[in-house]
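Input: a single structure, listed below in structure tokens.
Chain nomenclature is as follows: A, B and C, assigned in order of appearance, with residue numbering initiated at 1 for each chain independently.
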């Protein structure tokens, strides 16, 4: 039936994303919505670890910031070529993932959350103080990127299109990843790692790969942010801002790509628009997190899924 | 009938580990539960003790339904659990261990310690040592002594002779025989010689169900027969 | 050099006072309690608010501030910790983090985002041989040692202390004796929280009292507990003073790196001693 086809259809999901964001961008603000789109990429990266591997990290801004500073340093000290900057940013993210991953993935639960905090704090210190002469310390660096004909990142429309295309690409990749044997492996590790290990699989390797994917995607988002804003500052790596991505992943519904996009958009809408009406919106965020922790655990997509599945079942029965 | 378990089912998540298990224990009776590893013996004891909740069926103690009751409340009713693995409070002394046992039921610590000494003279010189320094057999004795504080009506003992040397096993068996007739006990045991010697009733478990209940004394004392049923 | 040691012991003392509660909650309930940082901050802010009420008398204001923080920790224990304890560790972490967020914003709302001034209540220096050190810091060091001794006696000799030690090691066995271990863990939680607020009160005058101080102390508590071992009381003490020294020595050479160095130590410890949860 139609509903079932839609639920499982990848093109439908992607179509909704593209159309949704375009409508949003051109009725509100292209610049702002570009931000939203990039944030969704970040949430997708975070959700690899949280929704699919069951590990929550309280220090993920480290990887966002690594991508941002990787791109910024490339632009400042090498060539301000946007594509190269992105490549460098992603590579930096992957490198950090490879470096820290073997340590981090040995742990789980609270230990995993905390060791990421530690790494995050160290990284924050490095960009804020230790390498301040390169990174510009608290003020950060401002940059402009080269343009090549119509490939002009200072053009809001092009930038928006590029970021939206990137989101679609990442979304598609994630979808393929989770549908593959690798994705099944991650789920197995999330449910019962010991059993998977006893089946003979090297869970450490799988976890490490997932970790590196997560850090690379997050770094990708970081690099895009730099191109969008035209600057990089320690705020990208601020440990206090981890709550943003955690909230987004939770409210959207951990474990689904579409949920990550929904959650990312939800958070961005709240922080950009709600802040105008509710001055104490950070408290609102805290209360919302509490509510989620106590009851609303599956997030928006979780409940939408349930509703849709119920409808489908009812439809099959009546047939 | 002191303890009556009627057709309980217990699940770990979605896996069912006990299927329609029913057992009975009379007052001052020693019932043994035997079976291979994974038969569900420990699960059964844990359910009686209140650490697991049956998804179906009832556990009745002294006419009162205790299924799903919190383990500390079950203990206060007079059902004491002696865990497998001889886990004692290692960082506390032997005396401290007894003190903790006496505290919730406001029993007299010195009396409890005296009773421990009467079970085993060895404890006299170990009384102020840290429990983690005790050998396996000594720990088992301490655990039994701890459980006896407050004169409980039913003891649940999980594999008391596991991992112990033959001499020590005899010690433990002697202690259990001395306790017989003063209170009820359900003992999970793999050592069939002991089982044959001391049991008043035997339940044979396999894959989460009770295979057979043996109450005939001749059959109980026939170790070879019990072994053949496993 | 002497100054560095003194500073290290002072920081170590404060870390110990605040971390004990955090370590006990972690060890007994396996919950990373972010809200612990909130009680710490509440202590400091309550001190600030109550000093005028106590007519400038630091000791009275401190006692009042600790009392004021008790209802906060009670509410946290009853409505957040106890509800999520045993059900889901992940969500307990998120919930406690949310509580800290809400609390920090409340503090910002009432007192503003800028730091509030709390001054050294003693103000004079003590002299050891030819060296001088603020007397207040000496008091902190002595106080932390006294608390350490007090807690050691409590856990070794009192029945509640022994129950908690047993419960930290083997919860089921304690239950099987007929003891409602959760009640005792709750008592210990309140004790730990009271100590956290004391830590905030003591630290206020020698540091900045600002809304985000709760976040900072919690991350430092993590480090202490990871290095010293969860629920390990002696380990927490040793780790606190060691890390306090690390901070002091680092601050001597490169002030801004003090916090980061702690995390480096924590990361190194985690590499060589990964914890299973």
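Criterion: contacts are C-beta pairs under 8 Å (C-beta built on N, C-alpha and C of every residue); 3 or more make two chains touch, one makes a residue touch a chain.
Everything numeric in this text was worked out from a predicted model, so none of it was measured.
*Asks:* Select the category (line, ring, star, complete, other) that matches the graph of chains linked by touching.
*Replies:* Graph shape here is a line: each chain touches the next, no loop.
*Asks:* Most remote chain relative to chain A, going by C-alpha centroids?
*Replies:* B
*Asks:* Using Cα averages as centroids, what's the distance between chain A and chain B in whole Å?
*Replies:* Once rounded, the distance between the two centres reads 53 Å.
*Asks:* Taking each chain's centre as the mean of its CA atoms, how far is chain A from chain C in angstrom?
*Replies:* The separation of the two C-alpha centroids amounts to 33 Å.
*Asks:* Give, as an integer number of Å, the spacing between the C-alpha centres of chain C and chain B.
*Replies:* A distance of 42 Å separates the two centres.
*Asks:* In their complex, what parts of chain C are in touch with chain A?
*Replies:* Where chain C meets chain A, its residues are 26, 30-32, 80, 83-84, 89-95, 97-102, 104-106, 109, 212, 215, 219, 222-223, 226, 256-257, 259-260, 263-264, 266-267, 270-271, 274-277.
*Asks:* For the complex, which residues does chain B have touching chain C?
*Replies:* That would be residues 49, 51, 70-73, 75-76, 80-81, 83, 87, 89-92, 96, 99-101, 103-105, 146 of chain B.
*Asks:* With touch defined as at the start, can you tell me which chain C residues reach chain B in the complex?
*Replies:* For this pair, the touching residues of chain C are 159, 162-163, 165-166, 169-170, 172-181.
*Asks:* Within their complex, state which residues of chain A touch chain C.
*Replies:* These residues of chain A touch chain C: 56, 58, 103, 106-111, 113-115, 117-119, 121-122, 124-126, 128-130, 239-240, 243, 246, 250, 280, 282-283, 285-290, 292-294, 297.
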